[in-house]
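Both complexes below contain subunit A, partnered by subunit B and then by subunit C.
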Partner chain A sequence: MLCLNLWLLIVGVGVLFLLRGWRSWAELGRLTGFAYMLGTAAMGVAWVWELTIGIDLSLPTIFGTGVVLVVVSFVMGRRLGRRLPPKPRLWRKHSLSLTSAVFGAIAIVYFEAMFRAGRLTPLYEFDAWSFWVPKAKAIYYFGGLDHQFFHDLPGQSYPPLLPALEAAAFHFMGSPDVVSLHLQFWFLLIGFVGAAIGLLHVRVPAVALWPPLLLVLVTPFVIERALQPQADFLLDELFALAALLVGLWLLERAGWQLVAAAVLLAGAMLTKREGYLLAGIIIGAALLASLRELRQRWPLLILASAAAVAATIPWRVLLVVDDLRRGGPEAGGAGLLSHADRAWPSLRLALSTLFDFHLWLIVAPVAFAAVSLAFVAGERLFATYALALYTLGIIGFTWITWSFPDLPITKNPALNPIARVTASMILVSAVIVPMLLRELVGRAQVVTV
Partner chain B sequence: MRRRFLPWAILVIAALAYPLAVLATGAPRFPSRAECVHAATTDGSIDAVFGRFRARAAAEAELRHVLSLGFNGSEVENDGCGLLKVVVHGIPTLATGRAFLDEAARAGVHASLEQPPR
Partner chain C sequence: MTRTVAAILLIATGVIATVYLAKALPNLDETADANSALSYADREIAGGNSILVDQEAAYEARALIPSGETYRVRVGPGLRNATPLTSTYAESWFAYFLMPRRPAGDARWIICYGCDPAELGRSFHERWHDANGISIGRVR
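Then we have the complex of A and B:
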């Protein structure tokens, strides 16, 4: 499994070279987590395309797809003028602040403990053994998307990015080991945290970066569910990083940030159908935040979101061709009006879930306080974006409960997915709150685009 | 110099401290396959086990053998510890079980009485 994740990292480094390159090897080291998440999204999207057109997912496919992505990225990157930096000097001094070291030490112990818990966790989670892992096993054993099997399983409208990733993990483990599979999600969690630190480290002082991130990591929901072999956390991780990149793009206008966000959003939409809603929330928030620059910003945002949606078209076509459920809301558009009595309870449920101390401790109050402080400190653009993100999130999660009349108004995760989708807003807080606080505590010394 | 190395030292110490603290009480102990076998000591639902096998083919060969000797109700099942066992379930008492073992010995096969896994 370590080899699979190294391979995803190598592919991600290739994609990173195409998108932005790096000016020093230390900078590449800082962006390792980000490259890994990019590689996971890019490979995941490619695997879904391959499965959709009938190419089996085997070890040669996994390596071949990665080689193609790396070579194409490298060649195109060279044409765009990207160059590798000079060879790194060994024993070069790399400074690390005492604050970063203390918080980093906490993170290391956290991940060691998570590893210890994850390496012997049985497959108890209902959705995981009900359809996510069976789909992965089907891909592992049969190579592709067995029509009958995928038709008869629950969750047939969910795209196969995660089952493909799990099947790839099975190939690298040599067997469908559903216990060790939990460690794949440990790698993803490390990748997410590494990406967040890598992107924020040069923009936000350590004292504003680490506490919100660690607060999210120690929430009961994250500890309990981050390593479950189902799609929710991968979706949330891709969503949170895409949200951060779009926010950075609003501030810094670097094109690679928007392109990378599109890659991650394509991955998110092919991870779970809720990815469309979450992508809509990010793009909607960015459109609202950039109203004053409508002419310059909106076409690029719309183009990026269209490209991300286009990446999901092959899967949507397969749903139609194979006569699988498409997973739209039960109530539909106009149907919402006939269930208008669910609107207020759904909103109340969305809000009470977001602020539930037993799930997320004080993450949401901290996030809203950070938005207020950012407005006060003059970070208006990013604060507007963050506020729009949370507001649209609450509206979106209200819509989920409202538009599926069969869902009871409850936080019970077995009956209503509200807690699982709200986790996306919590993970977003881990990367958005540091940016909101940076004016308050002073920006990082070096700001690198 | 000390200031430069201190942060890195903190990271290294943290990385080592947790595993060392966990291992201080000894390495994790995993049950052996032998611990899957619990000899029957009280009356109740007792299993008579004709043997444990790694390969399904060997287990099924033994099953055919004991069935041919008249031990009906024998079956092959996973013992939960990575082996297959040929077993007869539902022997009510230790006395009945001992009679069953005698009958098996007279037929030329070895069996043992076990508590079924809970």
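Then we have the complex of A and C:
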């Protein structure tokens, strides 16, 4: 499994070269986590395309797809003028703040404990053994999207990015080991944290970066569920990083940030159908935040979101062709009016879940306090974006409960997905709060795009 | 003033994060210990433990039914010690566990969970059974 994740990292480095390149090898080292998540999203999207057109997922396909992505990225990157930096000096002094050193050590202890807890975890979760892992096993055993299993298993409308990733893990493990599979999600969590640190480290002082990030990592919901072999956390991780990149693009206007966000959003939409809603929340928030620059910003935002949605078209076509359920809401559109009595309870549920101390400790209050402080400090653009993100999130999660009348009004994750989707807002707080507070606690040493 | 509030917010965040990390670490330790104390079967059957009644039935099914064959699960009233989940989820759990074997309505291999053997016909040849009314066999 380590080899698979190294391969995803190598592919991600290739994609990173195409998108922005790197000015020094230390910079590439800083962006390793980000490259890994980019590689995961890019490979995942490519695997879904291959599966939808009938190409089996096997070890040669996994390597071949990666090689094609790396070569194409490298060639196109060279054409765009990207160059590799000179050879690194073997011994070069790097300074590390005391805060970074202490919290970095804490993070290592945290991930070591998560690894030991996840290493021998049995597959208990209902959704995992009922359809996520069986779909992965079907891809592993039969190569493609086996008609019988993808028809008969629950969750027909869920896209196959995660089952493909799990099947790839099975190939690298040599068998469908559903116990060790939990460690694939440990790698993804490390990748997410590494990406967040890599992107924020040069923009945010360490004292503003680490506490919100660590707070999110130790929330009971994350501790309990981050390593479950289901799509929820991968979706949330891709969403949070995409939200950060779009936020950075609003501030810094670097084109690669928007392109990278589109890649991650395409991955999110092919991970779970809720990805469409989450992508809509990010784009909606960015459109609102950039109202004053409508002519310059909106076409680019719309283009990026259209590109991300376009990446999901092959899967949507397959849903129609194979007569699979498309998974729309039971009471969408006008149906909402006939269930108007669910509106207020749904909103109350969305709010109470977001602020539930037993699930997320004080993440949401900290996030809203950070938004307020950023407004007071004059950080209007990013604060508006963050506020729109949370507001649209609450509206979107209200809509989920409202538009599926069969869902009971409860936080019980076995009966209503509200806690699972709210985790996306919690993970986004890990990267948004540091950005909101960055100017209030001093500047980072280097600022770069 | 704003900077002071921001500093207080970050200190509070850091303190709560550290306190809950200190709480989480022993819990993660316990989870690791509990997981490693499980038998191989408990770990592999996992979610199926609340469905199956008898772990051996799963292993026997996997041993007896060739990997290229199809099978069907029949649940009936003759099952003893069933859990509230057995009748609803036995079939879907076996679909997950027995892959690459495929479930099929007309399969010759039958996993009988308290089903009536008379319904299966005379040609049903039982290969394994337990005291809970679970049997595995094949229709000739």
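Before moving on, here are some points about what is shown:
As a convention for this text, the second predicted complex is superposed on the first by the 449 of 449 C-alpha atoms of A that agree within 3 Å, B and C clash if a C-alpha of one lies under 4 Å from a C-alpha of the other, contacts with A are read in each partner's own complex, and residues count from 1 in each chain.
Please note the rule applied: contacts are C-beta pairs under 8 Å (C-beta built on N, C-alpha and C of every residue); 3 or more make two chains touch, one makes a residue touch a chain.
Keep in mind that what you see is a predicted model, and the values were worked out from it rather than measured.
Look at A:Ala370: by the touch rule set out above, it reaches subunit C but stays clear of subunit B. With both structures placed on the common chain, the touch criterion links A:Ala105 to subunit B but leaves subunit C unconnected. In the superposed pair of complexes, A:Leu96 makes contact with subunit B only, with no contact to subunit C. In the superposed model, A:Ala113 lies in contact with both subunit B and subunit C.
Taking subunit A as the reference, the larger set of touched residues comes from C, when subunit B and subunit C are compared.
Residues 106, 109, 113, 116 of subunit A contact both subunit B in one complex and subunit C in the other.
Those residues of subunit A that touch subunit C in the complex are listed here as 106, 109-110, 113-114, 116-117, 119-126, 128-130, 133-134, 137-138, 141-142, 148-149, 152-154, 176, 178-179, 207-208, 210-212, 214-215, 217-219, 223, 361-362, 366, 369-370, 373, 376-377, 437, 440-441. Remark: subunit A residues 93, 95-98, 100-102, 104-106, 108-109, 112-113, 116 touch subunit B in the complex. Within the complex, the subunit B residues that touch subunit A are 4, 6-8, 10-11, 13-15, 17-19, 22. Residues 2-3, 5-7, 9-14, 16-18, 20-21, 24-25, 27-29, 31-32, 35-36, 38, 42-48, 92-93, 95-96, 99-100, 102-103 of subunit C are the ones touching subunit A in the complex.
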